[in-house]
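Encoded as structure tokens, here's the structure I'll be asking about.
Chain lettering (A, B and C) follows the sequence in which the chains are written, and residue indices restart at 1 in each chain.
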Amino acid sequence: MTFEYAPAPESRSVVDIAPAYGLFIDGEFTEAADGRVFKTVSPSTEEVLSEVARAGEADVERAVAAARRAFEGWSALPGSERAKYLFRIARIIQERSRELAVLETLDNGKPIKETRDTDLPLVAAHFFYHAGWADKLEHAGYGHAPRPLGVAAQVIPWNFPLLMLAWKIAPALATGNTVVLKPAETTPLSALFFADVCRQAGLPRGVVNILPGYGDTGAALVAHPGVDKVAFTGSTGVGKEIARTVAGTRKKLTLELGGKGANIVFDDAPVDQAVEGIVSGIFFNQGQVCCAGSRLLVQESVHDEVLDALKRRIATLRLGDPLDKNTDIGAINSAEQLARITALTDQGEAEGAERWTAPCELPSSGYWFAPTVFSGVTQAHTVARDEIFGPVLSVLTFRTPDEAVAKANNTAYGLSAGIWTDKGSRILAMANKLRAGVVWSNTFNKFDPTSPFGGYKESGYGREGGRHGLEAYLDV
Amino acid sequence: MSTTPHVPAAHALTDVTGSDASLRRFLHGLPGVDAVGLEARAAALGTRSIKTTSKAYALDLAISMVDLTTLEGADTPGKVRALGAKAVHPDPTDRTTPATAAVCVYPDMVAVAKEAVAGSGVKVASVATAFPAGRASMAVKIADVREAVAAGADEVDMVIDRGAFLSGRYLKVFEEITAVKDACGDSARLKVIFETGELSTYDNIRRASYLAMLAGADFIKTSTGKVAVNATPANTLLMLQAVRDFRDRTGVQIGVKPAGGIRTAKDAVKFLVLVGETAGTDWLDPHWFRFGASSLLNDLLMQRQKLATGRYSGPDYVTVD
Amino acid sequence: MSERLSVFKTYKLYVGGKFPRSESGRVYEVTGSKDQDWLANAPLSSRKDARDAVVAARKAFGGWSGATAYNRGQVLYRVAEMLEGRRSQFTREVADAEGLSKAKAAALVDLTVDRWVWYAGWTDKIAQVLGGANPVAGPFFNLSTPEPTGVVAVLAPQESSLLGLVSVLAPVVATGNTAVVVASERSPLPALSLGEVLATSDVPGGVVNVLSGRTAEIAPTLASHMDVNAVDLTGAGAGTALATELEVAAADNLKRVLRPRTGEDFAATPGTERLTAFLETKTVWHTTGSLGASGSSY
């Protein structure tokens, strides 16, 4: 007998998913004006979880109007009162964190280990952090009486549904704005549960409005003339479209987009921790992370050693039921995303990169992709240039620190980078030269509400989190 | 490699053990350890959920890996005999319970222990080399080892000279280990205790691991159990990485023994997760992994009873020794 | 004896530290604001001139952004010194360009010199004002610092030919960016003369590049250029179709866009908005953890 882990599924009974959900406008759940709905499925089983109202232009109109009405009162509240609402939300999220974690895992497909230990604690922390800002904005470095912008249109992705909601809503509310938020079409549920959190917190009606829908809903929302602020997290392609849409308007825009992060491993790196960092860099959330370390740049002298250790480690990753507490790799979020990952990896193989796939069995239903490593990759390969947004690592080599920097920066993106070395001066020199908004030295994929996050170049503009993140929601 | 002819491992790294300088170059050339990453990995593995059949397997495996230990000034033959009886039949109410791997005693108790476990397959381990401080002359240390081996010890748990290690006299530490290994002869396996709490840094623990493995240790062991910080998931994880890498490099497999501070079945199972997911299943065997512990065994037994009966057990249903 | 015949100046572009004519060979007539008298022929820059200027600005970016903040401050202060020495020249040019009395023009030149001095002093303070340590909940030292965005295309204001120009240019280069400036279309001469000042200060070639010509002709090239990181649309005018068109073009590589503002008063004391407009925030996480193997307390 060997030490095999028996199934250890988290109980689904902590979450009660209704068969249907409406839009959340002006404090009420309501059907879409045109009555349209869409289904949301569990990516690990393809089971339909619920049927959700799909917001159209008329609903956008209603929601923006509700947010506008609410803005007057909300922005006039003393900061200390807004703070207390946000503290309430933070606490309610903490209380309901198991429920929300299970829900998120069901709707998104990511492992319960991640929703329980990463997403939900960060969601609560984000509200907690921003709550404290609400009555201290005059000390934030944006003037003596910084003013909110008005109605914020926020469009968020499916990879961290509730966390991205928190990144958007917490600073917006703390600074006195009201919001209309569109969650992604494949992961609408946690945002709708958040509407219930707002209800429990007694948040005034219209301050938060949730409009589930597809891209057309988001496009209508950001184009709405009643919107003062647009915040988007998602693909660079859509980000550019939004930038064109808001051109020539008064709308303030922040974009948090794609990336092709370089994780740079020097020959003096703490190898075991580097291997862990490479793994979490590309396999955390199935690699569906904008700041993923999807390009491993490893110094030639330790290439074989690191690659062997990496493969050995990847082979221990446990892929399967996302609700199982021992699952490391969950499902890909959608059939569409799976198709994209598959197409790009096929292209990588066709272009001659050497493909290695972790020896793991894929479940028969749902959307799955085994951890994959491409070695022998050069900057010219598509898998080294395009964001795959999946559990696929491209391994490149370098000889000198200069070459590492040159390769790391040789991308249209500029979101994240990692540096692994025991030499402190090299960390600082490298961090200085990397054109990326977040640099992790001897670690990777760490997030904190106090730490501003955002990209250079085509990874977008503006920062989320920390004192810096407040600027996006203030009239400065 | 003339100093350690019995260690095939050393052939692959034969040129590094000639002097303090060459040892230093080698040991300080080992990859560094990032404390945050190491501890995070250990903590992450600590969240594994081990249930039902896998828990039953893990509890029995853990019991079979216990070096049931008494290392008190107040030890008596009676105490050691009771310990031996417990090692052979840990749970008198359930004879399917596996025996522990060994009992671990001071050298002067080896003969008593040997008799207590005779015929059971349970090994007798003896601490030696002026345990736990190790502050004695080489002659005294070797005499200590010889006495234990002569009394029938199957395993010798030596302590390294932390003072020599911390002052960079690696060759002295190396030579002490090889000398003790010689004194153990073919009859006793050698466990080398680092006292990781005194080595203080993870880099030192990795260096000590390689130093001991090069010198012919059969096991590397965290601690004496006599200082403030003993076995932790992180330092044990680090040593598991060291034995894994050493086998990759030399073909020689070395065992690991965390000791001190592991008191609950839950903790023990976490260590087994570390073993399985770091060194691999080859180490999930009492020949290659041990727990240096005393109170741990009773908690393992209570958890085992809970799994068998479905109700929680209590201290009155396991033996106090 | 008749009055001495003066020597005219041939106004040229300032690109990569050199003074080329437009590669197109074109010039356009610059006239005085008040009397429409001919003042000079200015180069009518082409799209290729814009491209060359971007190449020069990119080439200069590594060195300029990598220079110490103290060094940048010294260099920019030197610009103020050089400008001070040419007050009479700039007073005449500004008076002609903007149709002002000598006294009013002189006051603007003085303000311009003072503005350089003000921004020169900012170079080594902005990081402290904007950056800092973030108290993350874990064993990490986490520091955010501002960094220059890169190559910034600056459309200088059309009305304020020198003070306005310097007010939009100085913050861009003070923070370590390099710039391609499109001078006021109607009044480019002070900007082209500023190139001469920059060339005789210690500003490395390519850090500032000055183009004259039709804003509507040059700006689209810059706004859509994939190696330009940001664009200041001030000179396009608030609410104009051109400004919107340029902002749309800028989206091709997600340039940071500073939109034109209505009625911006360049004589007023500037805040830090223009300094912060073309900065990125870089956040670096370093592991810390415990010193010993006894374990961290987190």
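Assume contacts are C-beta pairs under 8 Å (C-beta built on N, C-alpha and C of every residue); 3 or more make two chains touch, one makes a residue touch a chain.
Please read all numbers here as calculations on a predicted model, not as lab measurements.
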item: Identity of the chain that, by mean CA position, is farthest from chain B; value: C
item: Between A-C and A-B, the pair with more C-beta contacts; value: A-C
item: Chain B and chain C: spacing of chain centres that average the CA atoms, whole Å; value: 68
item: Chain centre separation (chain A, chain B; CA means) in Å; value: 44
item: Where chain A and chain C are represented by their mean Cα positions, the distance between them in whole Å; value: 36
item: For chain B, residues contacting two or more additional chains; value: 34, 36-37
item: Touching two or more other chains - residues of chain C; value: 138, 140, 287
item: Of all residues in chain A, the ones touching two or more other chains; value: 442-443
item: Parts of chain A lying in touch with chain C, wherever the complex brings them together; value: 125, 141, 236, 239-241, 243-244, 247-248, 255, 257, 412, 427, 431, 436-443, 446, 448, 450-454, 456-458, 460-461, 463, 466-468, 476
item: Sites on chain C touched by chain A in the complex; value: 129-130, 132, 134-138, 140, 142, 144, 149, 229, 239, 243-244, 247-248, 250-254, 256-257, 273, 280-287
item: Complex contacts: residues of chain C adjacent to chain B; value: 138-140, 287-296
item: In the complex, chain A residues that touch chain B; value: 1-8, 113, 117, 268-273, 276-277, 316, 325-326, 422, 442-443
item: Sites on chain B touched by chain C in the complex; value: 34-37, 39, 196-197, 199-202, 204-205, 228-229, 232, 234-235
